[in-house]
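The first chain written gets the first letter, and so on, giving A, B, C, D and E; residue counts start at 1 in each chain.
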């Protein structure tokens, strides 16, 4: 009888492997290769053009003694925590409200979700305009006679990052709401009934039963929000350009500015390496747990 | 809760159960506390979400003198479409005074192939990952997912070099490739989750029927994945149309997408800022994703439920 | 032949000026494909550079001559114009001579300077001072003294836009005006950190502090919006380069009548020979290379020079052109130039990296009232110490 | 088949009494003027095909759905507008509906803690429920670490600790495999005999209905078709639907005509004539189209005479099922099933003779489906 | 219970032959050196609890899973590494796995179209399959417009049109309700007798296994426990697992000891002694702990003497099931179920006397679980 040995494994599922070439290339060349390249050049003193003039950790020393970088990090933390918390909270609450079998659900959902279709550039411009102290909200309220009203987050160094967060939330919560809504809809109707029979008040049901059950949705939402947080750039550029002063600078902008405006690639690479590093520290273990080697159910 | 129950003397037969107690549906007032709270909150929040759009529209319909007068929330006294016309066809950047119109077509030329290519690649990836798991596939997938978090800035330079090496820098195809690359992680995740949630037996049946990798993909999987394709299309159209960074880095001025032109127009201040033109330009730029989204909003929610939630 | 030219001249006056170039170039039978990138040099440069390094070079591109394109030249990406320059005798026609230095590397010429821009101007709104009931100041010190009156009249004393380069430029101007040319050179050319931390420079920081107080509450980003505040009399004045001139002109204002300009802030009348230049990336296409030469010639053509600089409000790069039409302010500048009171500017002296650090420092300084002068000076000295 | 009015049975001191209950979802009427009285301590099973409104009825009783019309009394108290928790009911769901992130103990105690019941009282009740259901060793586990049967027991426990008068079960066993289902069925039966609570139990599994119920309410399309003791329903179904719904394998139905010959009633089809002398008519019969029904286990292979009716039939398939065997026949042109003990099985394609006593049969009107 | 070697039965010219098949998912071994030969035209049922590897085995045969070791022959051809389509198999899935966007006709023809078969040939085959399965009127419908039973028929049709040698069924009926299941079971049986193809059928429903199979392979933990004709498996299970797995209600097991008294073997527990004179031992018995198993339907209430063994027991629960009744007893301290026809049922809490013939019983080693 014919062959009984295992045929060459390389050629099994050949089509699948061929079809995955773009993914493999992207993963290896762009993501791994690109990152490695960036890391490598962060140890050089490349200026306008990448050059392999190694200077050790100089770029990093400089990075961590630059006030703007420190402010950027601080801003990112504030922005990150705020948008994470509020996106989840607002997104969930809106979803919970919409889940009450209300009328005009579609309309409300559309309203909450439409900003998601707009770019950060657009969002930034609109909110810059709305938060403009002269003719924005502050101006209008003052015009109504409340002269002492003060609301100028974009022009006040100490709260500018909150102004940016407001715009970011406006743009992003809709999607989170959508995810949460999908999650809520996926919850077994019987759980609600059981809780009602048990006499558990609505808010406790949400807090102690529903939310813990929605872990996967929260994880997805978290991933989406977090991926956006690290990358926040356009919004800041459109809204404040990092100002007033450098009060609303963020790391991504630092990278961009130093790579291109300052023509100091080495510095920019060092900053991006730091960003990459922090992303990896948080993400890799999680991604591995979540997607790696998981059994197909 | 209401305490309507009338306690009965023991021994009353069922025939005698009082005929006067509550009957029929529990009365519900349209203006119950719950409804007021529910709809009140929703309406207030909806106003918050609508405010910027309102301001944009209103402002874009005003003339500059009226804007300078102040209140951004007041409706236009005199509606003028001039800012729209100007934003579309005659706002200037440098010497080019053809407004957004050129950028619009550039954006279309960028968005359409990018969306198609990125979705094509990602859906095949997701399909391969979900149904044809080969050794090592998971590792690449994890890299891809981690890649979703890498700040674009890290990649900009290496990609410039790569594109230069393959001679695609500055061309539309180069930008299309860049969009496909950066759309890949999230889309692949979506498609993988969606295809995994489809019954595996369907896939097996098709294999027994003799369909191969592509046969199953095109004839079985594709026709069943409308919701997730809608999600992918919305995400990609929105993302690519709205992209600024790649558009500005990887194209040349005559192929600038609309967002870059928007930025140019908004930042090319000639004397005073023409807020009405800026707003009109802003709305025009956002119009395409908005329309796409409004048309397919329902499918979007459904697709999200199918592809994203079971992470 | 179509030639794509990238630049960041997008404001009203700038656009009008660049149109002159385009007109003249089109007249040679070629076509100027405009590649304006809005924002500022900061936004536009990275795009230009990545296109050049990315292998998709444009036909010609604007840079500030000086060190911005140094590495591109070193990497051999820019066209050597020496032959052309010898043929057309650039060394003879370009005035002042130091302008060509900025285009020269290892004895070869790589760019065509098109104008001279000097930063050291104070623009004052006559209407504003009239409203405040004080005479239009003659120099910086008077201006500082007049600030309270302006403020009382509800006028913003000094307009400084939010873009970082404006704050940093304003400081550099104060450094030449208040500190003097030598101080400027000692800090930026010699990179004497000790001196930068010293009392001479402290005086300048004191002045910068005044400027900061006067500029408090400026709510605009772009320089020309700030200029617009001056034009409309909402602000008393602005420290800005001569390109602001173009904005006044577009607004139909007349120097001396509607506004006043004080070169060197009225304290130290010198002109820095910064400016714009065009570089020509090395192209494979022979046709285009020919067009590049035509463009280079056009740019230096006396007629074009006049037309361009009149619109732009900057000074021409050749001494032999006739600037009858020049207005008051421009004439002031030409006089200073004729006197030979010129000095190099930061673009020539400092790397972009150092410039950026400086911008970060001063934009923070101007935006943050609680940042002490001492702290700012110390950080300034650190930057100078590590400058290259 | 025309629809019959919901039978209204009156009971003294009913534990649960449903009067003229109607429920519509929009235009769709799911329940229509339904009346049931459930006696104290009675075990009522609602049985019916999918979508007939069983769960809906149960949800109305629990207060989880707002009725469109009618009243609901529990323990003599009108609870039509009460909240579920105030009705004195406990409910067990098909999907268990355990709170997945809480331990079994937390699951049991959550409702009590929310209600503000004292700690030691809670502990006592949980201990009692755990003992009754034998889930003491599981108290600290999460539901995900339990088997299906254990989960269902916890779900029952959650109703148990609430110390309620009425238990409502919505297909509590249909997610379990056959063996477990049989075991838990017995447990529920024992639980009932121990607690003597009123229980209302929804299922579409007739074995469960037959074995558990004191009375079964067979529902169809939102209407109760028959409400009676299991054996009555099994042996004297009021209409063809009930007859066909109960019993597995299903009752054999033969289409034919009711005829009077020589003063005796016969059921005739093709060339077969079944004498109905032993059949107890509900009401005075009239000749006409009718359906004759007989259960497979009431038919025997003709091992001698003595049957009021005998005939020959062709064997189509023989299905040995271990304990007994199903034989699928053709009687004339109509399908016919016989169930016999394993020992005496014919072979495929044999011709066999069968016999039965029409006393055991049911006759239905062909048009209305009602029992004759 | 120790694990037994997979029995290896050799058949001349097997239609499907599986030799030393192993399969691991990573570290988990799901199938272990498994051997089966399936004769031409045989109907083999793989029966076992959930997770025992039935589907895995079927998927290996179909080529949908790569084996870790061993060989698979179909019609004498080594197909271990062939693509599914080249193995000459057709497969029917539990979830039907119909292509939802195609009509029934398209569903049936999909495989043929992929294979590039001529149009008229396709039409012919579909017509034949549709006729056999009586789905002609459905050909233009989409699967969503079909009932469960119809869908399953189409799924079978899909295998049918491919004109294959071997049919593989993976729990094809478990998504259907009881009534339909019974009907389709008969249809599959008829189909098999018409087509005479080899069929391998996975189920965890013992009724299906008993009624359909020529031989049943009872699996547990990836190992075939017993491979034999249904009646043999039912009456002479090789070990306690098989005994307990088949039969519903399950076989009664009594824990006790095997003893020799006066030269006669007895099974003893508490104060009960069951004489084993009529029991046919597999091998020479030795005294020791043992388990005595007897099926509920082999026990009778003592309606007279004549049984080799009689005893008295207490009734715990009586479950009337319509056609017959289950009585749950305590025999000594051990649970004991008796199944009787409806007529003679004791009441709850009665004490009854029961009797059976140990000839019908099975005896197992307490330690290994193997039949004695």
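The rule is short, and it goes like this: contacts are C-beta pairs under 8 Å (C-beta built on N, C-alpha and C of every residue); 3 or more make two chains touch, one makes a residue touch a chain.
Here is each chain with its UniProt name: A = Carbohydrate ABC transporter membrane protein 1 (CUT1 family); B = Carbohydrate ABC transporter membrane protein 2 (CUT1 family); D, E = Multiple sugar transport system ATP-binding protein.
The structure displayed is predicted, hence computed values, not measured ones.
For the pair subunit A and subunit C, chains touching both partners: B.
When C-beta pairs in contact are tallied for every pair of chains, the largest tally goes to A-B.
In this assembly, the C-alpha centroid of subunit A lies 55 Å from the C-alpha centroid of subunit D.
Centroid to centroid, with C-alpha atoms defining each point, subunit A and subunit B lie 15 Å apart.
We define each chain's centre as the mean of its Cα atoms; on that basis subunit B and subunit D are separated by 51 Å.
Subunit B has residues 156, 161, 263, 266 in contact with two or more other chains. Within subunit D, the positions touching two or more other chains are listed as 83, 86. Counting partner chains per residue, subunit C shows two or more touched chains at residues 46, 50, 53. Taken in their complex, subunit D has these residues touching subunit B: 10-14, 17, 19, 37, 66-71, 73, 76-83, 86. Subunit B meets subunit C in the complex at residues 92-96, 156, 160-161, 163-164, 167, 169-171, 248-250, 252-254, 263-273. Every residue of subunit B that touches subunit D in the complex is listed here, in rising order: 1-2, 4-8, 10-15, 17-18, 21-27.
Residues of subunit A that touch subunit C in their complex: 47-49, 62, 66-68, 132-134, 155, 157, 240-247, 256-264, 267. Within the complex, the subunit B residues that touch subunit A are 38-39, 41-42, 45-46, 48-53, 55-56, 59, 67, 70-73, 121, 124-125, 127-129, 132-135, 137-159, 161-162, 180-181, 184, 186, 188, 196, 200, 212-214, 234, 238, 241-245, 259, 262-263, 266, 275, 278-279, 282, 285-286, 289-290, 292-294, 297-298, 300-301, 304-305, 308-311.
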